Amino acid sequence: MTLQNESLRDHACLIVHGPDKPGIVAAVTALITRNKGNIVTLDQYSDDANGGAFFQRVVFHRPDLSAAMPDIEADLADTVTALGLEWTLTDQSVPKRMAILASTSDHCLLELLWRHRRGELPVTIPMVISNHTNVAADVRSFGIPFFHVPSQGPDKSEAEAKILELLKGNVDFIVLARYMQIISEDFLDSVGVPVINIHHSFLPAFIGAAPYRKAKERGVKLIGATSHYVTKDLDEGPIIEQDVARVDHAHSAADLQARGAYVERAVLSRAVQWHAQDRVIRHGNQTIVF
Amino acid sequence: MTLQNESLRDHACLIVHGPDKPGIVAAVTALITRNKGNIVTLDQYSDDANGGAFFQRVVFHRPDLSAAMPDIEADLADTVTALGLEWTLTDQSVPKRMAILASTSDHCLLELLWRHRRGELPVTIPMVISNHTNVAADVRSFGIPFFHVPSQGPDKSEAEAKILELLKGNVDFIVLARYMQIISEDFLDSVGVPVINIHHSFLPAFIGAAPYRKAKERGVKLIGATSHYVTKDLDEGPIIEQDVARVDHAHSAADLQARGAYVERAVLSRAVQWHAQDRVIRHGNQTIVF
Amino acid sequence: MTLQNESLRDHACLIVHGPDKPGIVAAVTALITRNKGNIVTLDQYSDDANGGAFFQRVVFHRPDLSAAMPDIEADLADTVTALGLEWTLTDQSVPKRMAILASTSDHCLLELLWRHRRGELPVTIPMVISNHTNVAADVRSFGIPFFHVPSQGPDKSEAEAKILELLKGNVDFIVLARYMQIISEDFLDSVGVPVINIHHSFLPAFIGAAPYRKAKERGVKLIGATSHYVTKDLDEGPIIEQDVARVDHAHSAADLQARGAYVERAVLSRAVQWHAQDRVIRHGNQTIVF
Amino acid sequence: MTLQNESLRDHACLIVHGPDKPGIVAAVTALITRNKGNIVTLDQYSDDANGGAFFQRVVFHRPDLSAAMPDIEADLADTVTALGLEWTLTDQSVPKRMAILASTSDHCLLELLWRHRRGELPVTIPMVISNHTNVAADVRSFGIPFFHVPSQGPDKSEAEAKILELLKGNVDFIVLARYMQIISEDFLDSVGVPVINIHHSFLPAFIGAAPYRKAKERGVKLIGATSHYVTKDLDEGPIIEQDVARVDHAHSAADLQARGAYVERAVLSRAVQWHAQDRVIRHGNQTIVF
């Protein structure tokens, strides 16, 4: 176990969600108290006061957390599962393992590597995989393994199989940092961990390819970027974060792309940070971000 | 002639646009100089250094402007028309006449009336027309005529005919301040002046009706508003201005609408101000905003 | 009792703050549950995991709330006071009574009156007081009483005495909507309710008079506004909200003032809304805004 | 001569400023035309229509520019100097030489190196100088020379002398990328080129040391950064660019610093780009940014 940050030692994050009913917050907080936890942060949201969905994130401190985890999990199974709710409990001192898939563009990739080096992303990065080699030296200069998996021809299944082999068992989530290959539904089914993408427009505007060119043609005054979970429906997955930048008539499509790069890297970084901190709960095609 | 603002007395605005070629700026500035004008502001843009379109806006001061206008116009016809360019010359001290069409929502309407009263919009407002009566008292409290033109049944031609009769010859441009009726192509052809609309989304996202509901369903993290010129293609006209506001999962569709109202009124106000100051040049389906 | 909003019927807001210790959240949520309340929203913050200050805001639904209030308050006195914590319990369906003090500027005043009319501010407005009369007609057109209390000469004590007489017992908080008179320490002591001000700069920059002129002289690229609680230390009270707008070299000091007006009214409106919803907790010279 | 960008070949930038009078724009554009230049972009500003200061930036294309420069300069000396105006003419295809001074923080430094590698900054970087060595490997990985000049003890004159020796004749401007040493007046006098600094607050708020700690103590809701030219008056030089980010009560001073780093690097990058493109004109303690 790698301790990402000493200040997170003995801190647990509990996510609870499911059908709302009276008394959930009280039941959960009582459970934490009787398991000797002290609540550090609590966020809670109900999408309808009259019987909608309930979402809660609690971070609590519990001395000797790792020894106590089995007991707390047993208590959660007894108490919270019995209320018809789903829960996940994670040790905040154990960083998630994040793989990055990239192509030739380096701006999102380098931003993640650099923020990681600064200690701002609570993750480890076991590998970067690219269908090109131009970013290899940069990646390795951060001390991170780089694997080249070329993606030639119309049949991507061989390349995807190789990527799956590299990832299998080694990662907790995957980030597509301007990875310019379409991920197959088979791949998503097999990989079994969340996949986060950055799309270079303020979705749902300019779905599909070449959004900056389309933005120039439409004459918009703002360009944007969207980070979302990847689902089988291209560009339709749950949105985690979005942002925009102002542009004007004097910007060419290439200028929009250059400006957009800075929005993309900021939006993706925030999405990755929030996911890594267990702040994002998926609910249908939407996200709750605490 | 109404002097909107003493500081604009004897100020002219010259817009020149057309195919780019060397020497246009020099020719135009020489023309202004030989007509005893002093340039106050000059904006210029070429969309391609190698023979694209050329756009220029010059504000100049010329003592006794109104007496000199015919001579300047004759010189422009000789010089600038000869260069294959289009031009318009306006006396900045003559405010444009702006009619407002509204329905039941008051936020965009009141914002325009209030900014006008503060002297921030260089326009006169000869009338407000609505298919409802709830805003009548507010409008008249600003000293502005209000006309009620109901719009019942599927056939809008009678209502449009009445509106045209009211507007004809009385206005220089029209603002749809959340006017919830579709404007017919016939109306646009007949009215003969620019029509500015405010759409309650960051176009081209959520084209059509109920954008806030669609935004809630898609789970976006930003909502927006777009002001554009109205063309026969609904929601497809040239964009003048856009802006966004941040929202989160806790906002209902009604909350998005309430927040969006503040973006709408700000975006529409800026678009109206820029149009009234001759800062916006239409070019195909785009705008140059100086 | 006026019901501001039917959807807030039987909703209470409980604020708890004081020295942090383990188990507070659990104790408070158990109290709400045993008093038959159902938690709608819970926000919690501790400024130091190791024994700092604790802040909590809970909104809960309790059928027949007003009948149950005495019992809940007795339980709070037993339980929460015993933990060394302070608490306030308010019935969310009872709007706070807000007086507005203004001078000649109308932008902040009208924004508040208009948002109130739209039902976006959970307050009643028993009166507007001004040392000028120019806003009287506008105020009364909203159906709100207007009182003129002139403020002549260096001795403000007579005017303040008259204002106090009008306010005494009639208001829960006071908003200075660009009220251009300095409030004396005696007034603050006597009035006994919170006073919210809007300052036309991003404090602590440009403390004191004429901030837009100073901003122009310093050549800043952003101007701002700050809403804060008024204390005896002028411009030094706890900040509730701030925002900025971009400006450039072409803006005169008068332009900065005109642009700033829109930032001021937005910032003040948000601060008032949050205060009225019991979202703001004062802590020393700072605020926690939930 | 290094061509930074083929698209800038044969493009010149002319800056003209001085006391305003009628006919300057016409005189300058006529000069460009008779020297066979074609205007690509023209920006112009007068700070007072009645005899204030005049500022103009023109980019024009002139085939065989370098051969024609002496003639154009002679014409400018005859024509524009005669009008009592100052001017500078630069060949846009010749990138400015930018030295960077840094200390231990890498965020501003790496941002500049990375944007430079992407071709977004029209500069060459002959050297990075630091009083620490921790950034040496990163700098050299970009193929840029790194020099270590320690700065020990209270007397900085020896270190400054060494830095001056390295810079002398080799640079066109200097960027302090979070360089944590105070620059002496002697150094500024000797170095003879503009020096651009990034200050980690929205000046003039929180002048001096530890702005993030002061911001936390004051409880501001926005933090900012300011890029300005360095003058002998610490933190008082002409502001080039500013921006802010939203923060709340839950952010510690360390959090503000981490967030602020992203504002700092964006603000400094924009300021450097604009300076390198001759878009910034100093005027007293202010800047005109075209």
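Here are a few things to note about the model shown:
Just so it is clear, A, B, C and D label the chains in written order, and each chain counts residues from 1 on its own.
The definition used in the following text is that contacts are C-beta pairs under 8 Å (C-beta built on N, C-alpha and C of every residue); 3 or more make two chains touch, one makes a residue touch a chain.
A quick note: this is a predicted structure, and the numbers were derived from the prediction, not measured.
Comparing chain pairs A-D and A-C, the larger number of C-beta contacts belongs to A-C. In this assembly, the chain whose C-alpha centre lies farthest from chain D is C.
Centre-to-centre separation between chain A and chain C, using Cα means, comes to 37 Å. Once the centre of each chain is set as its mean CA position, chain C and chain D turn out to be 42 Å apart.
Chain A has residues 45 in contact with two or more other chains. Residues of chain A touching chain C in their complex: 22-26, 29-30, 32-33, 38-46, 49, 61.
Residues 45, 47, 202-206, 217-222, 224, 238-244, 248-250, 285-289 of chain D are the ones touching chain C in the complex. Note for the complex: chain A touches chain D at residues 107, 110, 114, 118, 120, 141, 258, 262, 266.
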